[in-house]
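Presented sequentially are two complexes of subunit A, the first with subunit B as partner and the second with subunit C.
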Partner chain A sequence: MSVVSCENLSKAYNNFSAVKNLSFDLGENKITGLIGRNGAGKTTLLKLIAGFLRPTSGAVKVFSQNPFDNITVSSNIIFIDDNMNFPVSLTLSEILDSAGMFYKNWDDKFARKLISYFSLDLSQSHFGLSKGMKSTFNVIIGIATRCPLTLFDEPTTGMDSAVRKDFYRALLKDYVEHPRTFILSSHLLNEIDDILEDVLLIKDGTKALHLPVLDLKEYAIGLRGSQDVLKDFSSKDIIHEESFGSDSSYIVVKNQFSQTKLEQLKASGVSMTSVASDDLCNYLTAKTKGGIDDVFNRE
Partner chain B sequence: MYLTENSILSVAMKQYRYKLRSYLELFSGLFIMQILGLVLSLGAVSSYSSSSNILRVSVMNYHSSIIMIFTFMWIFALSIILTTRQYRNLNYTFVANRLSSLTSDIGFILTSCILGGLTASLHGMLLRVIIYFSVDNGELLPSMFKPSPSILFTGITAAILYMMIIGAVGYLFGLLVQTNKLFAVLIPALFFAAIRMYIDPYITDAVEFYIKESSLTLFAGKVIVTVFVFFLFSMITSTRMEVRR
Partner chain C sequence: MNLNTNSLKPIYVQIAEWLEAEILNANLKEEERIYSQYQLADMFNINPATAAKGLNILADNNIVYKKRGLGMFVSTNARNLILEDRKNQVLKQMVSDLVLEADRLEVDEKQLIGMIRQRIKHSRRNNNECCKL
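Here is the complex of A and B:
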């Protein structure tokens, strides 16, 4: 059974369409990374899934129900982002009590252990926390609610790298003990690709890729060699290109060569490298094939 | 996968409890308004004196209505604050939908009305006590000074009922403004235009419909129906909005 399924989902604000014709299914008990550039539509998509926004067209289903304004869906998901709102007059400890009141699976002991590990002061108000501490507190709420579907929207904003690593580890460990579905949006794939199972890459509100992380690592190949040899590739196949000096260049193409073709390329002096999934996502979502270099290239 | 099922009412109850705990800062506004009203009431509303060669009489009128007016202003402001984006978003941190949020908001407003009506009346009593100790050589007219329990009860109930109308109107006004900022100007403009044309018999009738009601039970009935209609319109308005931006 799929936990989230979208069919031709679109969402427009006034004249700007943030999500366009998106269709995908997310299976149960998977950690999916929602990857995309700033403004690609990640937050809008998550809010559509959370039932906060009404789709302009198409449909989204969560636990086979329409999530918009739906109390059952709301009871089984939690949406964590960095502008989560908590009442000014509550202390962190009281906020934890409130979360426990609303969510059936809430693990209070676990939440308080995490709070003390990250040395947050339970008697403080959420308002007085620093940016990174707010994010830390929010993700603790997200993990300890143990909802069947947990949505994290850029959860690590402002956290230092030690806290980020701890968070990913805590998430993974708790996931192993209590398998459930997570969607984790981020633009930093390299940090999270070892906890993700699937990657959903979106570009300008449309789906660029949706595949297991392991396949993403094999998806493309980097070729470096003289421009004469590499110019045979049609620009349609090239995901990314850079040139070095006058005659050497580096291109990234989809990895779909036969063994003989690879041998041929090797023979003509082309070196092959694997492409880091993080770089690949950047290339796939870039507006131009040459990246920032295009800005500096003189005509 | 095991899904938690929740009824809207049980979620609304949880949200109501959450709001009572977390909106404490809104009650501090009530406290400030009432103390301010009390201080302003300490001056006589009207005084009159007349003197002859051997006698000088001066009459001072004190009135606690300014405390009431300030409390009314507070409940109006509170209802509008509840409809602002920041407070509406607070609903959706945890489990909620629009109906449960509206229901818990209504619960919170009604509770605030009861608290506001009670404390406003008690401040009226406090005003009497202060005047009692501050008037050195004068006579206090006992009929006004010591209201019978039944009059006090009627006063408190009427205050609460008036506050309910104001709260319901404020909430609807706030929601309408959230759907379109133009309403923030349009509605007050229409309202004051209507007041200017007070000769209009419909408005006079409408006001008298409430104010001239002598039976407390009938008055309560009229208010409850009115409040219900206003909250119904609020519900319809809220269904035109996104849950959370």
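Here is the complex of A and C:
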């Protein structure tokens, strides 16, 4: 069963299309990473799934229902981002109490254990927390609600690296104990790719890739060697290229070689590296194949 | 153990190799239950689907087998299978890399074999000293 299903989904703000003709299905009980550049449409997509926005055209279904203005969908999903507003007059403890009234799977004991692990003061108001602490509190709400569908939009903004690592581990451990569906949007794919099952990469509001993260890691291969040897690759196969030294190049190409071809390349002095999924996503969503270096290239 | 996330080797392959090493050094014994995908996910901080893929490599090579509803168990001849497989795959690959590098460095056959002999002598001697202690 797919938890989220989009068909030709589009959303435009005035003249700007943030999401264009997106179609995909997310299977049950998977952690999917939603990856894309700034302004790629990640937040708009999540808000469409959460039912905060109405599509301009096309359809989004969550648990087979239209999420907009839908109480069944709302009570089964939670959307966490850094703009979450809680009533200023409530303390953190009171916010936890009210979360328990809304969400039937809420684990209050677990939430309070996390709060104390991260040294948050339950008598404080959400308003008074630092940026990183706000994010920490918000993700605790996100995990402890144990909603069948949990959406995290850049959840780690402002967190220090120790807290981020703890959050990813807490998320993974709770997921193993209570399998459910997560969508996690992030810029920091290299930090999260180990805990993901699938990656949905979007570029300018459209789908660039949707595949298991294990396939993403083998999607491309980095080749480093002399330009003479590497010039045989046609430019349509090259995802990224850099030149360095007097006659050397580094190119990233789709990983579709036979073992014999790999042996040949190796024999001609080409060294092979894996391409970090983070880098690959950046290359796939870049405007030019040479990246920022093209700006400085005076030729 | 730490996973090398920058390695050309996919993480699930590293998981499979780690499990094989655990079998070779008898931390996991034949006919014993092997870690579940969820235990591995927790141990290595990875998605359970990745861990499952590592376990499946072992299952495909008959190093472990499934008992319905009970999980996966180490096969009786797991150790031999791993040793054979490593000889055929890993060692052969290392030898091929070695020969390639020797060519590049203009080391001829005689020199290379000499180096290997010397190394073997050296490690035998070390082993013997270990035994005396």
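Methods note: the second predicted complex is superposed on the first by the 299 of 299 C-alpha atoms of A that agree within 3 Å, B and C clash if a C-alpha of one lies under 4 Å from a C-alpha of the other, contacts with A are read in each partner's own complex, and residues count from 1 in each chain.
In this text, a residue touches a chain if its C-beta (ideal position, glycine included) is under 8 Å from a C-beta of that chain, and two chains touch if they have at least 3 such contacts.
Treat the numbers as computed from the prediction; the structure is a model and nothing was measured.
Peer 1: Quick check on the superposition: with subunit A as the shared anchor, is it clash or fit for subunit B versus subunit C?
Peer 2: fit
Peer 1: Put down the vertex angle at subunit A formed with subunit B and subunit C, C-alpha centres only, nearest 10°.
Peer 2: An angle of 150 degrees, rounded.
Peer 1: Touch test for A:Asn66: subunit B only (first), subunit C only (second), both, or neither?
Peer 2: After superposition on chain A, A:Asn66 lies in contact with neither partner.
Peer 1: Touch check for A:Ser74: first (subunit B), second (subunit C), both, or neither?
Peer 2: Only subunit B; A:Ser74 stays clear of subunit C.
Peer 1: So, does A:Gln227 touch the first partner subunit B, the second partner subunit C, both, or neither?
Peer 2: neither
Peer 1: What is the contact status of A:Ser23 with respect to subunit B (first) and subunit C (second): first, second, both, or neither?
Peer 2: Neither: A:Ser23 stays clear of subunit B and subunit C.
Peer 1: Who does A:Ser274 touch here: subunit B (first), subunit C (second), both, or neither?
Peer 2: Touch status of A:Ser274: second partner only.
Peer 1: Which partner, subunit B or subunit C, touches the larger number of subunit A residues?
Peer 2: B
Peer 1: By the touch definition at the top of the document, which applies to A:Pro212: first (subunit B), second (subunit C), both, or neither?
Peer 2: second
Peer 1: With both complexes overlaid on chain A, what's the closest CA-to-CA approach of subunit B to subunit C, in Å?
Peer 2: 19
Peer 1: Both subunit B and subunit C touch subunit A; at which residues?
Peer 2: On subunit A, no residue contacts both subunit B in one structure and subunit C in the other.
Peer 1: Using the touch rule from the top, collect the residues of subunit C that touch subunit A in their complex.
Peer 2: 3, 5-12, 38, 41-42, 44-50, 53, 100, 104
Peer 1: Would you tell me which residues of subunit B are touching subunit A in their complex?
Peer 2: 1-8, 11, 14, 17-18, 21-25, 86, 89-90, 92-100, 242-245
Peer 1: Going by the contact rule at the top, pick out the subunit A residues touching subunit C in the complex.
Peer 2: It is residues 30-31, 168-169, 172-173, 176, 190, 194-197, 212-214, 217-218, 266-267, 269, 272-274, 276 of subunit A that touch subunit C.
Peer 1: Touching subunit B in the complex: which residues of subunit A?
Peer 2: My answer: residues 1, 3, 28, 47, 51-54, 63, 68-72, 74-76, 78-79, 84-90, 94, 98-99, 101-105, 148.
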